[in-house]
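First chain A sits with chain B, and in the next complex the same chain sits with chain C.
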Partner chain A sequence: MNQVMIETGVVESTPAALLADLQELRDNAAYRFDRLLDVTAVDRGETLELVYRLHSLQTNCDLVVKASVDSAKPEIASVSGLWEAALFGEREVQDMFGVVFIGHPDPRPLLAPEDGFGFFPLRKNYKLPGRSGQAGR
Partner chain B sequence: MEVTTENPVAQSRLSGLLGPENVIVTTVEQLFAWAQGHSFWPLTSGLACCALEMMACGAGRFDLARFGYEVFRPSPRHADLLIVAGTLTWKMAPPLVRLYEQMPESKWVIAMGSCASGGGPFVDSYSVVQGVDKILPVDVYIPGCPPRPEALMHGMLTLKEKVMAAKRRGGKK
Partner chain C sequence: MAQLKLEHNGVTACGTELYLLNMGPQHPSTHGVLRVLLELDGETVVQATPVMGYLHRGLEKLAEARTYPQFIPYTDRLDYVSSMCNNLAYCQAVEKLIGAEVPERAEYIRVIMAELNRIASHMLFIGATALDLGGMSGMMYTFRDREYILDLFNLASGSRLTYSYVRIGGVMNDISVEFIELLRKFLADLPGMLTEYDNLINGNEIFQARLKGVSIVPADRLISQGVTGPVLRASGIDYDLRVKKPYGIYDRFKFAVPTGSVGDNWERYLMRVLEISESAKIIAQALENLPEGPVMAKIPKVIKPPVGEVYHANETPRGELGFHIVSDGSTKPYRLHIRRPTFYNLGCVNALCQGVKIADVAAVLAVLDPCMGEADA
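Then we have the complex of A and B:
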């Protein structure tokens, strides 16, 4: 396959429809997004936007799927049943943004210490404590 | 017996040690301290960039073996010196403490580099331990980012002085 052009599109989904949408994108022969490149998130203030980057080995296309959850109660279904690659990505988002992935088989902290940081470092409302701020740890 | 050597320091030490019948008089503690101070077995414990300098220290150009310190052990059960060479994160802190606890007594800790000594360039970070002395008893701090291999050697020789001096004073360590 000598295709060098990579098309990237963005589609919006909802937490409720996410699993069905992604399954369709993965299994429908017209799309065949067989790889999950990354799971990450963006803090939009009131909402947290989950970002799933998909790639198709057959068409060499990229697709970004987004779904927003409420910042106060961030819960969304785990997509690790569709792509195992989501296992680590979701644990990272869980540590950094505090999103709960329902159905994740192993939700231990990945980057945070075993008992968690006690805060979510990549949320916009988190401020670095500075040199003296860690002393209480 | 007359002991002669070119080195005046060695001369005075030797003549202090050797009695008239060519017998060395010392205490078992001092003998152990002398052996320990001259043959640290460091744990292979590189955490970040400083580990490269630690490796260079053991390799041919700098040759830590000259001092008897080259036996880097991959198992904490065989080691008596923990060189914390690099950035310690809170995620890595529990395993490092566990390694330290698995080392048999007597044991020592060197904080190598600014990261291990006080957080280094990452001192403002939420994830980095601001100095391993927050969680482990440190014997010798080596400044630098990274310290050159000579500095690590100097640190280990300083530790040797500390080990032997403590035993001469009759201290615990």
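Then we have the complex of A and C:
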């Protein structure tokens, strides 16, 4: 039984190098990250930090790969060609943060209505209306 | 003259013009508000596109305007048939962030509750699957027995479905002597209930024929799609977080993780049936070793975690539920992301449906066991 337990490591990447880096992590026999568990993003003000959570069933190791894109022009290559999980994960990030995933085969809104929300709800510049918003930051 | 046959997406059926059928969002077998766009060639599915978002409430945004304890009731409303497991995953994530220790008794109670909830969720699943395949009476039996568990939860937490029972640092209340007595009675009755399901549902020839050999997908495809939980295990991948990355005190219990070999609808169904008795074993061991003591750690009234990030995942009845919390040192999360198992499991709907007959789509969706409250967040 594989019982390799390590704390999740974090690797910083760049939008330009992301696709090559992730391909290396998936295909290199030293890493073998065969699963993309999650794609999400964090609004850091000037930049949007994309978070790719990888897992290897063979070694039972986790790895987080981060890449920051410019909030004003958020564009990054889609990794849906490497893991099909990104098909849904990237569409969610696109709805919530407005990140454009270049090369995504089906970039329609997923959780948002067909024509989008008209805003990007999980960005910090979107304030919740009403009582919820007053309680917010 | 050779007959001309059209091929769509690698699926060859009768080769007619494609027919687009909209299934849902108000369809009894979609278990909530899932809509599936089916492209049909005759009766064979060529393409199935899940459409979701009808139950999107923006929980991740709401979390940014709530303090850490205030978000617990929202986790109840993620996967509303296994709220205890959601509570547990969230509270353990926050405890990891603030570095809190949980009293022993609370740890055991948490395991009992999470596994009871797994049984309740799988009972609902068995009944709903039988119902989707036309076995109206099957559902009555599993729902009757599930009600027993809900009564237990009611006794412990005061509510049947939205418990908020697991709290940051422990659990809400200690369980009573009456609870333990009723739980022991339930565990004694459970084998009889399972025999009843075997005779009534699982052993039914028509039921088996409807599920066996239908929608077999290679395991590597499911791995690539990020599928977790019983659906992945049915394809022979022995991956259960309770064993592979034990959280809480799960490393103290002996139980088996059922895995399949073929990965068809029948095995996906069977995984849940087998998991019920394994969960019962865990509960029996936890009851056996239940220590005395407090059920709540000394947690500050105002929780102010240090600046940092944490990810904590639990094995819920549907797969890996993970909470990714980014803290900026204030009383509210800077960002809270939920890795929802159903959301990623729905990614394989197309792979599962391609090539199956339209009558089996309800079965495919049933054994996927989606919960839309969770997928849409």
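The definition used in the following text is that the second predicted complex is superposed on the first by the 126 of 137 C-alpha atoms of A that agree within 3 Å, B and C clash if a C-alpha of one lies under 4 Å from a C-alpha of the other, contacts with A are read in each partner's own complex, and residues count from 1 in each chain.
Please note the rule applied: a residue touches a chain if its C-beta (ideal position, glycine included) is under 8 Å from a C-beta of that chain, and two chains touch if they have at least 3 such contacts.
This is a predicted model, so every value here is computed, not measured.
When the two complexes are overlaid on their common chain A, residue A:P129 makes contact with chain B while staying clear of chain C. Of the two partner chains, chain B and chain C are each touched by A:P121. Put chain B and chain C next to each other and count what each touches on chain A; the higher total goes to C. In the overlay built on the shared chain, the residue A:A112 is in contact with chain B and with chain C. When both complexes are overlaid on chain A, the residue A:D43 reaches chain C alone and has no touch with chain B.
In the superposed model, A:V51 lies in contact with chain C only, and not with chain B. By the touch criterion defined above, A:K73 reaches neither chain B nor chain C.
Residues 111-113, 121, 126, 128, 137 of chain A lie at the contact with chain B in one complex and at the contact with chain C in the other. For chain B in complex with chain A, the touching residues are 90-91, 93-94, 119, 123-127, 130, 134. Every residue of chain A that touches chain B in the complex is listed here, in rising order: 111-114, 117, 119, 121, 126, 128-131, 134, 137. Residue ranges on chain A touching chain C, taken from their complex, read 1-3, 5, 8, 34-38, 40, 42-43, 51, 53, 57, 60, 64, 83-85, 87-89, 92, 96, 109-113, 121-122, 126, 128, 132-133, 135-137.
Interface of chain C with chain A (complex): residues 52-53, 56, 58, 60-62, 64-66, 220-221, 223-226, 228, 237, 239, 243-245, 311, 320, 322, 324, 326, 330, 332, 334-335, 337, 339, 343-344, 346-347, 376-377.
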